[in-house]
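Step one of this worksheet: look at the structure below.
Should a chain be cited, it is by its letter among A, B, C and D, assigned in written order, with residues numbered from 1 in that chain.
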Amino acid sequence: MTALLLNRDLLRRALPAITLAVLLVAIFIKQPLAMSQFGLTLMLQYAVPIALATLAQMFVIAVNDLDLSIGSFVGLTTCIAGLYLPTEPLLGALLLLLCIAAYVAMGALIHLRNLPSIVVTLGMSFVWLGIAVLLLPTPGGKAPEWLHGLMNLKVPGVPFPIIAAIVIAAVVQIGLMHSSYGVVLRGTGGNPKAVARAGWSLLKTKMVMFGLAGSFGVLSGLSLIGLTSAADAHIADRYTLYSIAGVILGGGEFIGGRVSPVGAVLGAITLALAASFLIFLRISPDWQIGAQGAILIIVLALRAAITRGSAR
Amino acid sequence: MGTQPEQIVSLKGVAKSFGAVRALAGVDLAVGAGECLGLVGHNGAGKSTLMNVLAGTLAPDSGAIEIHGKDLAAGYSVTVAHRNGIRCVFQELSLCPNLTVAENTRILHPALKGFGWKQRAGRLIKEKLDEILPGHGISPGDTVGDLSLGQRQMVEIARAFTVTDDPLHLVILDEPTSSLDASTAQQLLEFVRREVARGRSVILISHLLGEILRYSDRVVVMKDGKVVAERPADRFDRDSLVGAMGTVVEHHAAVQATAVRERSGTPVVVRAKSALQTDDQALVAHRGEIIGLAGLAGHGQTRMLLQVFAGAVGRMHGVDVQGPVAFIAGDRQTEGIFPLWSIARNVTVRSLPRMLRHQLVDSRREAEMAESWKQRIKIRTPDMDNNILSLSGGNQQKAVFARALGSDAEIVLMDDPMRGVDVGTKLEVYDILRAEAAAGRTFLWYTTEMDELNYCDHIYVFRNGRIVADVSREEMTEQKILQSSFKESA
Amino acid sequence: DTKDKKIALSNNYAGNSWRQAMLKSWDKVTKQAVADGVVAAADPFTTSENQVTEQAAQIQNLILQGYNAIVVNAASPDALNGVIKQACDAGIVVVSFDGIVTEPCAWRVAVDFKAMGKSEIEYLKENMKDGGNLLEIRGLAGVSVDDAIHSGIEEGVKENSQFKIVGSVHGDWAQDVAQKAVAGILPSLPEVKAVVTQGGDGYGAAQAFKAAGRPTPLIIMGNREDELKWWKEQKDANGYRTMSVSIAPGVSTLAFWVAQMILDGQQVPKDLTVPFLRIDQDNLEKSLETTEKGGVANTEYSLEDAKKVVAGAK
Amino acid sequence: MNATMLRKLHQTPWIWSFVGAVAVWLATIAFTEGQGAGAIVTAALSFACFTVIVGTGQMLVITTGPGNVDLSIPATITLCGTVAMKVMNEQDSLLILGIVAALAAGAVVGALNYGLIRFLRIPPIIATLSMSFLVQSSAIAYNRGLRIKPPPALDAFTTGDTFGVPWIAILTVLFSVVVGIIVGRSYYGRAISAIGQNSRAAWLANIPVERFRFLTYVASAMLSAICGILLAGFSGGPALDMGSEYLLGSIAVVVIGGTSVAGGRASVPGIWGAALFMFLLVTMLNTFGASAGIRLVATGLIIIAVIAIAGGERESR
């Protein structure tokens, strides 16, 4: 009985990894070329900024909120990075810090006025986009050299995106899941009243979590412009939905503070790879969009099948 | 207990109102070192409110909070309370379900940080759990959400007694035994006595007067926001205590008077077999019977009730139910109340299909039902349109009770439904149950209180998800039930 | 000789009629080319949203798949440069069209959107001698095409002070959004003599004017069949005059032939310009005839056309 | 007196969306010195209808509990608008058939949404998002974005008005009244509120949880279908991107209108207030002639301001 329970729990935790593995195998079968350092680097490069954005979303979801602005926020940070970092690095860094501060303030506002985060972040998504359009009415800007170099780093033997993903996942996993303050942060999502009754400030935990979300949003923007080498206000609009999907794919839940950083990173990579897989399948353009939906459904249905199969 | 021990806390003239409701009308309360103070009173008397004030989670409207002789009322907060060695186990549990047992321990102790904190937290809570309840089967790595209600209660209590940096002088236990079975409760209370012997103080709130009388040194009785009696425990007996609470007792003898009925006299309305059952033993209920589900907590009684419920509203293998059912949840927080709704809506939700006129809910009939149950089961509120959360815990439970009793259900499933209900109300509810049973309603009643089994016509004892004994009313003795509860199943 | 070369189309959006017509033209022309053995394959790929990152990932996968040339309609002129460079480095010919890219290693089959915007004002200059108030319907803020067309219009207005833009709304290139925005701003505007648009919003604007009970101004159309049909009705009823301009969806086929020529080893300059497709009062009927019902006025290109464009650029 | 009024205000958070709507309208006509005051309201009324219709569906879904949301609304609008126009084929005689076909298509989408959520246990947000991709593809494959004119009767109906009050607005107000009654006083309304607060407690209170969830998702998709038909009639034919602005728009009006995001509490009048507010806000900023960037920033800040003034959900213990 307990063995079965343990097993199911283990399975549940391993699910994001299993899903990813299945997808990778399918890709390798369809396109053996992908199974090389070059191939993996190409396929996974763009998963890095998505993974960072997904982690940003995860911090917010962990305290029972939802961030509908992360996509346009990442867009804005690419604009700031593209415009100022190469020429006026200090100003650029300052502006990026200001962005993070705005996120902290957003968390404080949501907590103090007890507002639905969906509306506040929806409103902020307009604000971010508006500022980005004001800064950069038409795509342009340029990634600073060091950033471009970093994102295109070649490490012999291992594709760089994989190293990046492991490092990112490990740092957040330790910080949030194993550190002692991480417990308080997650507890805020699980039972805020209990955390408050133990004498912790909920305002502070909210602000910390939103600050972390903002920081990872900035990192996502930086890594993104390092790849694209130019900025665009709309560059990451899609990240909002992707990041939410990534968190859920990674085993997170919308309420109750149940999240998994490693899962979220795996979820983000899975999403990125799912799109690649579709391209290898060569579906008629009419159904290429639909196939994206279908693959999401299949991936998640797989989860359901595994958890249910083991539950019996 | 003759000499007055050193005082730890002393509340003076504490008053608190919620809108029109005067929850505390100037209360004085003092706790000495090394004392177990029993606090009793009817549902809504103001016990939890007073404890919330003491724990720093609720600011009083007026009054002094003296700790070790110093008035700290200004700027009093949870942190101040903790720093002064006061902890509280609240009536509604305060653990984070997404965290592990060890992590929940860490939440209470800012000092548990740095390298290896997880091991330290785990050790701390494990030692305490072992001390209270050897063989508890809870590991520090378990996620709290996966534990049963009783286990969660154990964890929270054990957590309250762990010590790191801050001193620990007083632990408030607000109905700690409500979700525990009798033997676990006993172990817990023995532990409380040991702590008290070590010089710690405990405030114990309970509606099980036996516990109060046996384990506390001094008893304080509250009524309508005031302290109405205060005496050493040995100067109270059950009747005088009940009398002090303002309840008139006349029912006691009546229990034995119900005639024992022939089992086969009425048709079978429920037949259910547990999935874990290896033999043919099934739970059977005839119309008009009160069936008791006994055994230690968490041995499959709730699961059986859920199984019967699922069988009644849908289809379920091994379950045959004749007639509409209603369910009374004991874990009211997670499966009972609708927190956004008024008390009235919480009461009527199960009966809405009956209250439709032209497909719309008839608000007059709804109000009528709410009002009549307010009277019958004595829900203490100025207005049934108030939010359900404005009720005291016991009164919330009464609303959940009223929901089922007021419905058209012929079979009522009760999952330890008296949790937190005060003595007076309990006695009245027992009367209602018997009257309803006589009128043909069937009750399946899981209870952790041995006394309540006296009201049952037939009892099934559960162990490890199985029925291990099938006891009729005549054969029933406490001895027999306990024996079967511990018996390794055949 | 390109008969075993493979060409891919990387498209970033398929959610409007223009893109659908573009895909259809591609399909028609390249199927024939494959059947004739000109190239081995010409597969179209499209992403669901107008997103740089999705398209970048898509192009990277196309690189992996070993295509010899990639024809791109890009989501952003600059932001795809990273991946375009990767493609070039892998020896792949990249030809961008419509949404062009600035990466120097790629070819561009460009439409001068700025000139297109300016041509709208120039038309008005000739047909509306005493000038007047203009309403501008723009596309999606922050996107380069919107900015280019807008700057053309702006420049035109600056040079012709008889015109004044009294209102400007963003219609996001979606018919219903444009209609909504126009309907909202219209009551507060003085008399509007003409509406300048970015394509496809003309009919919605006409509806909004009708709903508000205002006289119908001169509305520049965007080659959609419903716009042309409405124009024709007005023309027959009261001699309504306007013009219609847009980029032909079939430009994808031109880009295809350019890619084929490059693969064939021919010298092709990096920057090519295609004229936009313009419909005037006199060729309205003819264009309407050849436009699919509910579709967009279109022209498809042949190899000869492509050669002419290339020769013209040399 | 003042205090009780304040408390009342606090209990009806949807008031604020109307206050916001009136405020931006006043600001607009102050700018134009009164010009077009009535016409702006007329326009707002007709465009708000579409948002209100899909917003109502979204509200029902959101009310059934945290995490429940319908992201397939835009694609469903597109598909059903296309199906309707294609079946109607510009003929009044086929009007009814077209409506039935579109509604049926909507019902199928809703049922599939529910199926993904229930049987494959996919979280609603992803289930409906995935579904929307499939639905969008179906719309593309079905008609490839060609624009089919609505039949004259539909055109006339959707654009008609009486004394400046659009017919569809009258109809939509009636519809809202009916939904208001259903949500407030029918068994279904009570049940989804219960499910939204605590679905397990609802199940234990004998509420047929899954049946009502199914109904809710189907209702949302069918309302999208109705919106698709009306929108196609109103704007002269369906387009592939015709629903895209309702993705976030439908959620925004629901939440600004005072419905609880965490589920359990619905507010029908609030949807109207919020829909009018959103339209008038864009109109105001357009009228002021602000640049796109400023417009976006102001839109965001004003939305946040309105919701912050209205205040969040109170906690009662």
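Criterion: a contact is a pair of C-beta atoms (placed from the backbone, for glycine too) under 8 Å apart; a residue touches a chain by one contact, two chains touch by 3 or more.
Quantities reported herein were computed from a predicted structural model and do not represent experimental measurements.
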Comparison of B-D and A-C by number of C-beta pairs in contact, larger one: A-C
Roughly how many whole angstrom separate the Cα centroids of subunit A and subunit B? 43
Starting from the mean Cα coordinates of subunit A and subunit C, work out the distance between those two points in Å. 34
CA centre of subunit C versus CA centre of subunit D: separation in Å? 32
Mind pulling the residue numbers of subunit D that touch at least two other chains? 133, 136, 140, 144, 260, 292-293, 295-296
Multi-chain touching residues of subunit B, meaning two or more other chains, are none
Multi-chain contact residues (two or more partners), subunit C: 14, 48, 141-142
Give the pairs of chains that touch; include all such pairs. A-B, A-C, A-D, B-D, C-D
Show which residues of subunit A lie in contact with subunit B when the two form their complex. 178, 180-181, 183-184, 186-187, 189-191, 193-200, 256-258
Residue set of subunit B touching subunit A in the complex reads 55, 57, 77-79, 82, 88, 90, 94-99, 103-104, 106-108, 110, 112-114, 117-118, 145
Interfacial residue positions of subunit A with respect to subunit C in the complex: 31, 33-34, 39, 42-43, 45-46, 49-50, 129, 132-133, 136-141, 148, 224, 227-239, 272, 275-276, 279-280, 282, 285, 288-289, 292
Listed in rising order, the residues of subunit D that touch subunit C in the complex are 28-29, 31-32, 35-40, 43-44, 46-47, 133, 136, 140, 144-149, 159, 231, 234-237, 239-242, 244-245, 279-280, 282-283, 286-287, 289, 292-293, 295-296
Under the stated contact criterion, what part of subunit C meets subunit A in this complex? 11, 14, 23, 43-54, 56-58, 60-66, 75-83, 86, 140-144, 147-148
